[in-house]
Amino acid sequence: MTVATSSTVADGRDAPASCANAPVARKPARLPRPARIGLYVFLATAAIAFLLPLYVMVVTSIKPMEEIRLGNLFAWPVKLTLAPWAQAWTSACTGLECGGIRVGFMNSLAIVVPSTLLSILLGALNGYALSFWRPRGAQAFFVVLLTGAFIPYQVMLFPLIRALAALGLFGTLPGVVLIHTVFGMPVMTLLFRNYYASVPHELFMAARIDGGGFWRIFVQLMLPMSLPIIVVAVIMQVTAIWNDFLIGLVFAGHDWLPMTVQLNNIINTTTGERLYNVNMAATLLTSLVPLTVYLVSGRWFVRGIAAGAVKG
Amino acid sequence: MTNKTTRLALALAFAFGATLGVQSPAQAQANRAEVLHWWTSGGESAAVKELATAYTKAGGTWVDAAIAGGEQARAAAVNRMVGGTPPTAAQFNTSKQFLDLIDQGMLANVDVVAAANNWDKILPAPILNAIKIKGHFYAVPVDIHMPAWFWYSKAAFAKAGIASEPKTADELFAALDKLKAAGLVPLAFGGQPWQEKITFYAWLANVGGPDMYMKLYRDKDVNLPATPQFKAVLASFKKLHNYVDAGSPNRNWNDATAMVIAGKAGVQIMGDWAKGEFATAHQTAGKEFGCFPGFGPKSPYLVAGDVFVFPKINDPAQIKSQQLLATVFTAPATQVAFSNKKGSIPIRTDVDVKSLDLCAQQGVTIMKDVSRQLPTPEMLISPDLEGSLQDVITKFWNTNESVDDAAKAMSAALKNG
Amino acid sequence: MTSRRPLLRHLVAWAALLPMVATVLWVYVGSVLWSMRISVSSSRTLPIGDFVGLKQYARLFDSERWVLSLQNMALFGALFIIGCLVIGFLLAVFIDQRVRAEGVLRTIFLYPYAMSFVATGLVWQWMLNPELGLQATVRGWGFPNFTFDWIVRQDAVMLAIVVAAVWQACGLVMALMLAGLRGIDESLWMAARIEGIPKWRVYLSIVLPMLGPSIGTAFVLLSVSVVKVFDVVVAMTQGGPGLASEVPAKFIIDNLLVRANIGLASAASTVLLLTVLALLAPWFYARAHASRRAERVARALRASATQGATA
């Protein structure tokens, strides 16, 4: 199978004139009209089904509580109000403080950025070493690593807490970054290992012949080539770490609690009253960051994996 | 290493080093106390503010650490104790939740404050039993909640033609029938296991009686579920299921209260924290909704509460803060102000309760009658056994399991717990 | 060409892999061993070092809730993985047909992945609630016999959870498949047209096998979600009605946090891990076997190529 790099990704535009004599030299060819209509109907139906929960969330977030209590889930608000959004951001109570989710925003950024960088770097490094250098026995470690991805985090909490406490990192920012890196390692390693597995070995051998050492080849050849898969990894890690609650709660300490802790405080009060409109607004606000990352790199996301990343 | 590699390495070192170099802000404040609790809604926040204000006035500095969800907050407290950075005080319930911590020597006692403030005399027996372990006081109580009030919508009752509050189980069933006939949802119910559990033990206390209740939860009598009297209680409890609507499974308790608030449903059995929802909807006790704590003038009053425990910290300043917290929390003025905002009742009966709402005042009066006080199951049995019994109840409520099978399952759970 | 200084080359590689090795040993192997140790003790809220043999395991399999949770996980896993793969594939294929507004459509199918289940789970609970959501609405439109009450039925609640879970995850699968599709060479389509093979045959017999690797990765990611499924169940049903939607991760966390029974929780997680290993081991073995064979073939080819070059 040909290795598809980003230059040969076809997003449906005209192919070069290599099959100029063929009747329609495009991939995939257009469907006949009724099939085309059926196609759009299917996609539109699917889109509506997917958007339904979002519609309910948005509509609930702009209704006053009296209307929500009446229980008409899909009804457009009679008295539209944007107050819940303002409240969610700046004044919803999350304990003694009533500062909304804005409070944890900078903390979340401070956690997401280094965690994403570090976990992707290590994933790339592991994938590179496993794919090209293949030290004996490393494969076994990789298999165990991947199995570890299946364990629920809560099971590993106590020993990790004790370990971090012994290192003096419990409740600190480096500590929570370390934990995110560790938990992200299995999937990141898998991603990069599969990507590098589709890179022709000859490229690597040529670099070695040219006198390249381990690190030189990694930094100067492999990393620049991995740009598409790095974008994929960024999207997956930003989503996972931004929305993470448990690790931030346990390991970040009082001064670095991420936004998800405030979000949880707003939504999950045990016996307090629940303002559903504020809850929905807060959730939508929190999800804006990963959503923006998708929108901005949506193109690359698809193209990135297209670059032969998923050879399994 | 080449230029590019060096730059990359430096960038990453900087990124990581930046996180290492970040320091937490300096903490040189008088009587600093980090308090971990799970009160995060608007109403609860106002209540915590009373505590914090009182503490600040007494010369302390309150650092808030709120985590929603009782289990999450308690787990976070335990995790932090294990990790060596415990909070100054952590919220628990009057229950057996913190006994393991005491056994492992992780909690400090507040005997000094208890002696100075006469806790032995002013606190009701169920609360005392929950906080005094092996002769030492390991927790400070801050409120008393009653998890099983009966709330009803006055409009719904009027529509159904119900003249007065039901005084017996039969009267309740008659009222529920009338509500059904009027086209309303008779019992607003949230089908989550913890709500089913509360409804069951409220029913057991009211219909089976305090003796049967204590036999089950305090004595863990394995033979009790097999008796015909107990089975009768199980059967009448299941009868309530005929009066809930089809959408009741999985429902949050607030959504059930919303049905009562909107007049779509008649009755809800829920704790006194439900007043918060009514208050948010601008409804007042006695006007749009009514409340009664059980059947008849001698109905049992189930006592639950929140307490704060104090992790053992070797810092004399922290110990001083802990003792100051304990003193402030139990002071009469703090108790009244807190109860007002929280919807609970004060832990001491020697306070002026004129400012509390109708239902709370009723509660305080009832508490003065010691014979009516009944501890909630979590004060009597371990969380593990409580969970097993909850599993039995939720299965019985949600399936067609026979009363006999449910009774057998209950006996088995008691035997294993 | 022989590899120069193999020992040194391996040393450097191992040095780079040190974080991974440390993570594997310390975090994963270490925690699992610790957890196994706790599972043969009577630990409640905090770890205790005593030894009670297999008592916790006996209690585990006596527990109706645990057995049910395993059954639910199997049912959920099968439906969820198949559902995501099929729907993801179909969406990818249809979007690949050069439709207009492809970017918008892609975002619509991907946005659920960005949201945590805490709030979206509640929305699904409302939508699937017969009195509040879709059933009530459709009945209001004049179809009084329309029923869609899976979420309140003991026998159908897992289906309701599958619906919400598929909604959240199949956008990612779609993206994976779409990328795989985009990587397929132009000439394939031309050849198919020339041969006169109908489109659907091409997809089924040729494209699908070529997407094997994408499907493989999607399968692994989805399997991890199945084993760890927790948020969606808690947000939608809290394990109810009754015990009907209990799942292993929820059982473990309940015993860990709420019931103060970490001995039982550790036993449960050990059993869960062993189950996963038992299911994965054949797959891993097959992959390792295949890759070793491929490597041997590749090495032989390279050897013969260089021989041919130097000859």
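Details
Order of writing sets the chain letters: A, B and C. Residues in each chain are counted from 1.
Quick note on the criterion: a contact is a pair of C-beta atoms (placed from the backbone, for glycine too) under 8 Å apart; a residue touches a chain by one contact, two chains touch by 3 or more.
A quick note: this is a predicted structure, and the numbers were derived from the prediction, not measured.
Of all chain pairs, the one joined by the greatest number of contacting C-beta pairs is A-C. Among the remaining chains, B is positioned farthest from chain C, on the basis of C-alpha centroids. Separating the CA-averaged centres of chain A and chain C is a span of 15 Å. The centroid of the Cα atoms in chain B and the matching centroid in chain C are 37 Å apart. Of all residues in chain A, those that touch two or more other chains are 71, 158, 215, 264, 267-268. Multi-chain contact residues, meaning those touching two or more other chains, occur in chain B at positions 72, 82, 252. Residues of chain C in contact with at least two other chains: 122, 131-132, 256-257.
The part of chain C that touches chain A in the complex is made up of residues 1, 9-10, 12-14, 16-17, 19-21, 23-24, 26-32, 34-35, 47, 90-91, 94-99, 103, 105-116, 118-120, 122-124, 126-127, 131-133, 137, 167, 171, 175-176, 178-180, 182-190, 193-194, 199, 210, 212-217, 220-221, 223-224, 227-228, 230, 249, 252-253, 256-257, 262, 265-266, 269, 273, 276-277, 280, 284, 287-288, 298, 302.
Remark: chain B residues 71-72, 74-75, 78, 82, 97, 100-101, 104, 106, 191-193, 245-252, 382-384, 386-387, 391, 394-395, 397-399, 416 touch chain C in the complex.
Chain A contributes residues 1-2, 4, 8-12, 15, 18-19, 22-31, 39-40, 42-43, 46-47, 49-54, 56-57, 60, 71, 73-74, 122, 125-126, 128-130, 133-136, 138-139, 141-152, 154-156, 158-160, 163, 182, 185, 187, 189-191, 194, 201, 205, 209, 213-215, 218, 239, 243, 245, 260, 263-264, 267-268, 276, 279-280, 282-283, 286-287, 290-291, 294-295, 298-299, 301-312 to its touches with chain C in the complex. The residues of chain B lying in touch with chain A in their complex are 1-2, 4-5, 8, 12, 15-16, 18-20, 22, 24-25, 34, 37-45, 48-49, 52, 62-70, 72, 76, 79-80, 82-85, 145, 252, 254, 258, 261-262, 271, 273, 276-277, 279-281. Interface residues of chain A facing chain B in the complex, by the touch rule stated above, are 65-66, 68-71, 92-98, 110, 113-114, 117-118, 121, 157-158, 161-162, 164-165, 170-174, 177, 215-216, 219-220, 249-250, 253-255, 261, 264-275.
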